[in-house]
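Right after this note come the structures.
One chain, subunit A, appears in both complexes that follow, with subunit B as partner in the first and subunit C in the second.
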Partner chain A sequence: MRLIRYLRVLGIFVRASISAQLEYRVNFAVNLFGSLLLAGGTLLGITILYSDGTRLGGWSYRESIVVVGLFTLVQGSIGAFLYPNLNKIGEEVRQGTMDFNLLKPVDAQFLISSRNINVFRLTDALVGAGLVIWAASGLENASGTGALLGLCLIVTALTIVYAVWFMLSTTAFWFVKVGNVTELFNGFFRAGAFPVSALPGWVRLMFTFLIPVAFVTTVPAEAIIGRWNVGSVFGSGVAAVLLLGVSRWFWTYAISKYTSASS
Partner chain B sequence: MRARLNKTWVLFSVWFAHMSAYRAEVVIWMLSGAIPLIMMAVWIGKARAAGGQTGGFNEQRFAAYFLAAWITQQLIVAWVAWELDYQIRQGHLSPKLLRPLDPMWEFFAGHYSERLVRLPFMLLIVFAGLLIVPGTRLTPDIWHVLLYTLSVTLAFFTRFLIAYCIGILAFWFDQATAIDDFYFVAAAFLTGAFAPLEFYPPALRAFIEWTPFPYLVYYPVRVLTGEAPGPEIVRVLAIQLLWAAGFYALRSALWQRGLARYGAVGA
Partner chain C sequence: MSDTDHSTTPVIQVRDLEKVYTVHEKEPGLRGSLASFVRRRKTLVRAVDRISFEIDAGQMVGFLGPNGAGKTTALKMLAGLLHPTDGFVRVGGHIPKERRTAFLKNITLVMGQKQQLLWDLPALDSFLVNQAIYEIPNDEYRATMREFSEILELEGILKKQVRKLSLGERMKCELAAALLHRPRVLFLDEPTIGLDVNMQVRIREFIAEYNRRFNATVILTSHYMADVTALCKRIIVIDKGHIVFDGDLSALVEEAAPGKTVRLELSENVPDERLRFYGKLISREGLFADVLVPRNETSRLAARMLAELPVADVTIEDPPIEGVIGTLFSGTNKQPVDAVPVGAEQAAR
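Coming up: the complex of A and B.
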């Protein structure tokens, strides 16, 4: 019953966000142009990287485009779901309005993670999904099973991104001034536009274990192009569950230390 | 003259104090502009896979190029489009217009003094980069560093004025910051922060040469690393001066028209 109540609340948030944003219809055109520009630029980059005729970390041109598509898709999801919600935590702590979230009869983490959706940034996600489908349709090893597994891995990838982003935003309880700490993730996430095997040894390790960018784009892409291995699929699941748990713990810890703005 | 020097000094020292208070933010912003560092890893990976070098670039040459590109990108950052957009829409610009000083100089002092806050951390990253790829030579001698300082300053003027022109558009419509985002995406791929322009398809390269983009990162980098011969350095500096002057003229024209409009709206 609790689940139904949460889904109903979520439905209300989605409807409210959409109706608030449809007022600014020009934004749709502007965002779509921005998405196409970003995808075009990233494609140009990949073309340049392949211009000397060698492969990138053992990935063919088409296969790399699957990674580019996933990268664009995840960026769109961040812009649509994470950015408009989690980046407000700092602001709310500073102004003291965080208290109202903690008083509501729903889970506070759920509340602050789902209130706003930037519908227009979904254009990035659409362009990304389009790139993945277009690139994968030309690959002979792509199969239905791989696509299904890829879909599951995209879900774990988004979970990982959410957990990391949420932990970074939660630091706002202590570092009120550091409003842009999630930019750190944005900076490093750029590496997710390339297959992780394209990077030299220790950088690859860093982007797998320290900053789990590899699980976000490379691992789902491997499933989609039919080159997945059990180890990384398993690792992706474990990383998602672990990070989600840690972020939940960190959040509970943060609000237990929270003393409101005025006290 | 004395009064003017004094005014300049006060402006810069106040803004330096302001920016030092935000040093943690500055470091975060610095790390968020990591494209050249990531591309350094990707291209070095490519050079290794191709047996030591690709397109005439070996590991050390890539490292020097991208470290220099990162420094350059750090030194030309401008967020004035966002600030101007915000101040125009919120009306914070009005009190500034009453002062006997074009508000541009205040933004300029803010940006310029922020470079000093960046410097220590920048040197740290460059030093780490030189250690990680042994044998990298960033610059041949002190003269190239001095010429680079001149070149990167002109590049900064150009980028600052481009951002200023974009910010002024907020007088007319409320999506000015979206245009700066477009600029950002275009610049990521056209300035040379993504790859040395030698790797671009010739037709595209020919087109890029006619835009200000390569004069923001690619050519200043060539000046610092010593790859550009003497005549090229002279040509680069001259063209950079032209671009900066061009955008300065554009910003003056836009500013006057925008102000006329602002008065009409605010009254």
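Coming up: the complex of A and C.
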């Protein structure tokens, strides 16, 4: 079975990644501290914004915390699963070791997207999940259905992030040095720390359709706090499938133009 | 590989294979870089220019040529990494660029300058990854590992982290990782580069042994002539994207170096003019002299030298193969290409 085989390979990658990182124990403590600092900083900002008891664009203090928590959770997941893989694509093209990936009898996109896992960045995800649970537990409209829907939407959110970032990284096949792509991406992604629907109309449109940041944090947050609407949930799913398809097509096109590195 | 026709059809078939790159050129210096950043000057480089050849199962063939001749480009098209601009390629009945699973499970690419082993982990962990990827059954994996450990003497290094291995140890593990799935077609790009002589010999022996046991087809590029002369009977010389020679190594020597060197140790000094009478004086240092004579007159001229000159000792040698290849390129008035097309392209970016 193809699926079972891919899961086995994935399992081997996870184990190899973890054993490689267990070499560096201090790193774990440092990362946990970093995660708490990051969440604390954003939390402080939100608290100051809401200190006079107002609501921003219809979002209450606790509701905004859900967004912050989701942002931290998604960021942690990106750091754990996406960044260690996607950030290496350019480097591997430049050094020519991409050749080895392309010659393996498994899907090369799967291979380069799943090989590495940074377990330490999962601390971010844990802190984020903690924030979401804490904030949502104090909200009347939060429900089990909403939470489940929110979870699904986090998965589609990560799919969207993956597809966009993967396409940007794949441009390395032409431009070779694409380290700045990561910076560009982080810049846009930072916008996800705030509820997109609290922003002015034109910015909201841009963040929904041009750069789908809204789908990353705001839409799952809306589901969790019981304010979801069919349109954005459906939109999130469609965006994820569509972008994944486009990234797949783009990848196939890119490897047909691959020039490899000389030895 | 398609098992039905391997006895009759050559494993590797190449006809009119061509690869053209678009290369950006850049003037040296910051000014040139700025100009190139704004507007790229593009040129087309024909890295491989309509080459044709066939290789039978079990053959070991050496690709020779100066840097940038197109060896690696040709090799990577055969492995399916690069899509040819034009031409026909079949490897074991497959079209390489389609990279089908059946094709990929039967080939391997080893690059001496690049490594696929996981850096922070022992080589064994990388082997397990490859075992899963290539779906190697446990008993076959164990058998292969036993064989490889024995021939390559891997004991004691498999459990050390790769980053702590010496270059030679790492290369042995790289080879083992690349051959774990017992491929029938091997593409070896400079597999012994940077290794000391002993290790080069060890690697060569392993490749020869693997070829014998599995009747594997091997294409080898190397800068070390010893690799090629030890392993390959057949040589394909590529220069500027063309095949300039395809045949037996001995025929190559015959064609490119129609002479032999008579090394004389004289017992007393003799003027250079007297030596030039017999052939071309290549070198002269006191009582030692090398004279190049036509191949078919070697014995006659050597006998005359022995009779007519005060000779203390004489040996007759084929010219070193490095020299032969050198003559082949310079003699046909072909300048080695300076820049590797792909490298140039990427440096310009």
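Here is the rule we go by: the second predicted complex is superposed on the first by the 260 of 263 C-alpha atoms of A that agree within 3 Å, B and C clash if a C-alpha of one lies under 4 Å from a C-alpha of the other, contacts with A are read in each partner's own complex, and residues count from 1 in each chain.
The rule we apply is simple: a contact is a pair of C-beta atoms (placed from the backbone, for glycine too) under 8 Å apart; a residue touches a chain by one contact, two chains touch by 3 or more.
Since we're looking at a predicted model, the values are computed, not measured.
Judged by the touch definition given at the top, the superposed model places A:L44 against subunit B, while subunit C stays out of reach. In the superposed model, A:L7 lies in contact with neither subunit B nor subunit C.
Of the two partner chains placed by superposition, only subunit B is touched by A:G34; subunit C is not. In the superposed model, A:T259 makes contact with subunit C only, not with subunit B.
Contact with subunit B, but none with subunit C, is seen for A:N186 once the two complexes are overlaid on the shared chain. Once chain A of one complex is fitted onto chain A of the other, the partner contacts of A:S19 are limited to subunit C, with no touch recorded for subunit B.
Looking at the shared chain after the overlay, A:L103 reaches subunit C, while subunit B stays out of its contact range. Shared contact residues of subunit A, touching subunit B in one structure and subunit C in the other: 175, 177.
Those residues of subunit A lying in contact with subunit C across their complex are 5, 8-9, 12-13, 16, 19-20, 23, 94-97, 99-100, 102-106, 111, 175-177, 256-263. Subunit B meets subunit A in the complex at residues 22, 24-25, 28-29, 31-35, 38, 41-42, 44-46, 48-50, 54-55, 175, 178, 181-182, 185-186, 188-189, 194-195, 199-201, 204. Interface of subunit A with subunit B (complex): residues 26-27, 30-31, 33-34, 37-38, 41, 44-45, 47-49, 51-52, 54-57, 175, 177-181, 183-184, 186-188, 190-191, 194, 198-200, 203.
Listed in rising order, the residues of subunit C touching subunit A in the complex are 21, 68, 72, 76, 79-83, 97, 99, 101, 104-105, 107-109, 111-116, 118, 120-121, 125, 128-129, 132-135, 189-190, 340-343, 345-346, 349.
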